[in-house]
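Take a look at these structures.
Here come two complexes built around subunit A, the first alongside subunit B, the second alongside subunit C.
Right, the complex of A and B next:
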């Protein structure tokens, strides 16, 4: 019976079809919100699904001079990584499908797989735009990853656990948004950097380097990378809502909290112009990392004094 | 394919594919020697005022991501090879729209020493949008008509599958 339950958890709920459908829905809400903020009507509700189906049905061109195993394998690994991360977070406000001590670290690394894979995919091709895109993707990875990790470390320290479900339970009684405001802001902006949303879309800047690391991908591979990004969006929003917005314990609270976060993300996307890659790195290391470190220090000292 | 899944499934799959193709046409814009009049109108078409995203149209940078190649201008000798290359870089199924008088017939550049001629002397064209330059409304109308013909073609393919299954059963 346990095996059937595990297979269901992996294929359908919460890590399989459900999280993919949720990711597509959240992509639509994001695009619709940005469109409304730009005084447009925006896409129809089934637009992300139509995009993915069309890409899956398209021809996949294998460019000259690439390692075909890597070219076909990387999108699958990227999507598999984020889908596995979905097992450890309280998606839809329900308890995580799997939980063990230290699963926060595993989830963070699995979420980074997507970025690593797209960087490798760009470096794998001979195309100059892909190569520049890959360099920028990896540069951005090194700039936001440490501050983002530190922002998730803050709640873990006050909760005294590395287990996502325990931190979620602890956050249920404490709105960390008010006790660790810097961490919340940096986490939200870190998520935008992770997803390469504007203003952190220098790695795929279409006015400069066509489509960055993804330039040579068409059809199935491109569809899987897009799907992976959608899933990462919903997982990232879930993590931040669970840690900073008073925990996630029911589907209604999940919807309200993640949609509020998505509204903030869409607003920031519509508000700011694209940063250059050196400005992105500067912002993260000069402002983001230092502020979060200071807050982390304060948290540890306060915890030591009260204990 | 048909032998694995059966005709009914094949037909349904074909319908889903056509639906996705009609509802998510991503475009790439290529200027093969235009005076920029048509290009400005195309850019005006993707601005918030006309908002093509409500039909699912997105302007893509890479030919590998695009379904529709929007061509403007006559084809010059220098642009001919590039136009062919961009067309060949696009994955199947792909469609070409010729925008403006010059793309359709060469326009005022007809017979120039540096000009090959119109677009369909170089690559096959699926839809023509006349005008010098065509208004954004005309471009949207042309795109919608192209999508309509795709829908009809998709239904015809699905109908063929239905017809085949009928003959197979009898």
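Right, the complex of A and C next:
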């Protein structure tokens, strides 16, 4: 019986269809907000879903000289990774479908799968834009990943647990936004780096390297990668809202908190010119990582003193 | 094996590439993210216009040459008209010359705003792109109201202009200019103070004054390197003697300077447009032109939005020109891309390319 329940959880709810629909809805809100901020009209509400349907129906071109197993496999693994991560986070304000001690680490690594897969996908093809894009994707991965991990560690340390649901419950009584403001800002910007949103879109800067690592992808593979990114967006927002914005315990709170975060993300996207990849790395290691590390040390010292 | 490892990794940009709005081909050899060399190949939009001009009569050529460029169409028509008038010994009436200059300056405003948007897009700053293009619509509406067309205004005729300006039209232009002046202040502030934007422009694509002279740069790209070169000031044409413009110079020579020079030129254009509207000479719009142009040859130079536009016109006394040679500003400025590429990041290349405001279809004709 448990197996049936697990399969339902992965395919339909809370991961699977529900989270994919949520991801598409959030992509639309994000695009619409950025468009409005840029004095454009923006897409209609069903546009992200329509894009996916159209892409799924299209021919997938297999470029010459690639390993076809990797080429077809990587998008599936990427999407599977983020969908599995969805099982461990309090999506829609409901309790996570699965929970065990240490699931935070698992979720973080599952979320990195997407970036890793897209980097590998780029390196797998012979296309020059893809190769440069893959280098940039992986460079960016190494620059934001450590600070992003540290920002999620901060709440874990004060909550005294590595379990997402327990940190969520702890955060319910403590708005960590106010006690760990640096962590919150870095986490939000780290999420933008993870999703390669402007101004951290150097890995897919269209005016330089077309679509970066994804240049050779079309049809189904491209649709799966995009879907993966949408799911990652909603999971990332959920994690940050759960850890820093007073926890998630009901669907209404989930909506309000994640949408507020999305508004901030959209604003940041519209505000800046694209950073060069060397500037991105410099920003993360010189500012992001150091600040978070300092805050983490302060947190540990304070916790040690009070205990 | 030795050769294989030393082989350069080349990033092709173009002929079809999202960074280019028109076809051109650039090859950047890179070492990681650092550019080690650049070559340029042009000619993808060659339409044989110069040859076609020899098959048409003087009046038809005016419309043909105006279509060399969709952005600086008036500049081409103006350079051609002034040249042909010089050959025929006819001078357009003062009112016509003033209106020609007015349209030329309005066109400069539209061209510089367009460029601002394109450059911002190359820098990944789409918000500035969208806003500057929205504001550019104001000037497009002004031009449409004045001439009937948004592009290829067709305002020139040989010996004068077609479009006249009455009080209502002048007020409409003034309103548009007032709005744009306010917006341009804002863009100048962004170009000189936005932190992320400055990181992409300050010190990038630097050319010293000597280098700029040596490469033979023209227009705003040269003026940003403190090369005092502006046909409007050096050899005033049309009504530029009556309504002179100040040359806008900058000493820094990098991309930021190119932004600042172009944006500050907008203010100069606004000022001159207002001045012309206030003191528009009365009188005829056209002078009588002969159908056949006297035998002879001439050179006509004007300052297009991108720099010096050069026309060589030769007549054999018939109703058709014997030879028309056009040299556009872009061909002079491409050297700035190949000359300064080395040592820059790959991400800077689209910015440097857009920074000189290339016009491929002008260039290839």
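One rule holds for everything that comes next: the second predicted complex is superposed on the first by the 306 of 307 C-alpha atoms of A that agree within 3 Å, B and C clash if a C-alpha of one lies under 4 Å from a C-alpha of the other, contacts with A are read in each partner's own complex, and residues count from 1 in each chain.
The rule we apply is simple: a contact is a pair of C-beta atoms (placed from the backbone, for glycine too) under 8 Å apart; a residue touches a chain by one contact, two chains touch by 3 or more.
The structure displayed is predicted, hence computed values, not measured ones.
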(Q) Under the stated touch criterion, which partner chain does A:47 make contact with: subunit B (first), subunit C (second), both, or neither? (A) first
Q. Which of the two partners, first being subunit B and second being subunit C, lies in contact with A:120: first, second, both, or neither?
A. neither
Q.
Just to be sure I read the superposition right, which of the two partners does A:279 touch: subunit B = first, subunit C = second, or both, or neither?
A. second
(Q) Is A:271 touching anything from subunit B or subunit C once the two structures are fitted on A? First, second, both or neither. (A) second
Q. When the two structures are overlaid on chain A, which partner does A:164 contact: first (subunit B), second (subunit C), both, or neither?
A. neither
Q) Does the superposition put A:128 against subunit B (first), subunit C (second), both, or neither? A) second
(Q) Contacts for A:37 in the overlay, against subunit B (first) and subunit C (second): which applies, first, second, both or neither? (A) second
Q) Where does A:61 make contact in the superposed view: on subunit B (first), on subunit C (second), on both, or on neither? A) first
Q: Please indicate which partner A:199 is in contact with in the superposed arrangement: first for subunit B, second for subunit C, both, or neither.
A: second
(Q) Quick check on the output: what are the common subunit A residues between the subunit B footprint and the subunit C footprint? (A) 38-40, 129, 206-207, 210
Q: Would you tell me which residues of subunit B are touching subunit A in their complex?
A: 16-17, 19-21, 23-24, 48, 51, 53-54, 56, 60-62, 64-65, 67, 89, 91-93
Q. Can you list the subunit C residues touching subunit A in their complex?
A. 9-12, 17-19, 30, 32-33, 120-128, 130-131, 134, 194, 196-197, 199-200, 345-350
Q. Where on subunit A does subunit C make contact in their complex?
A. 37-40, 128-129, 132, 135, 198-199, 201-202, 205-210, 270-279
(Q) Which stretch or stretches of subunit A touch subunit B in the complex? (A) 31, 35, 38-44, 46-47, 50-51, 53-54, 57-61, 129, 206-207, 210-211, 214-219, 222
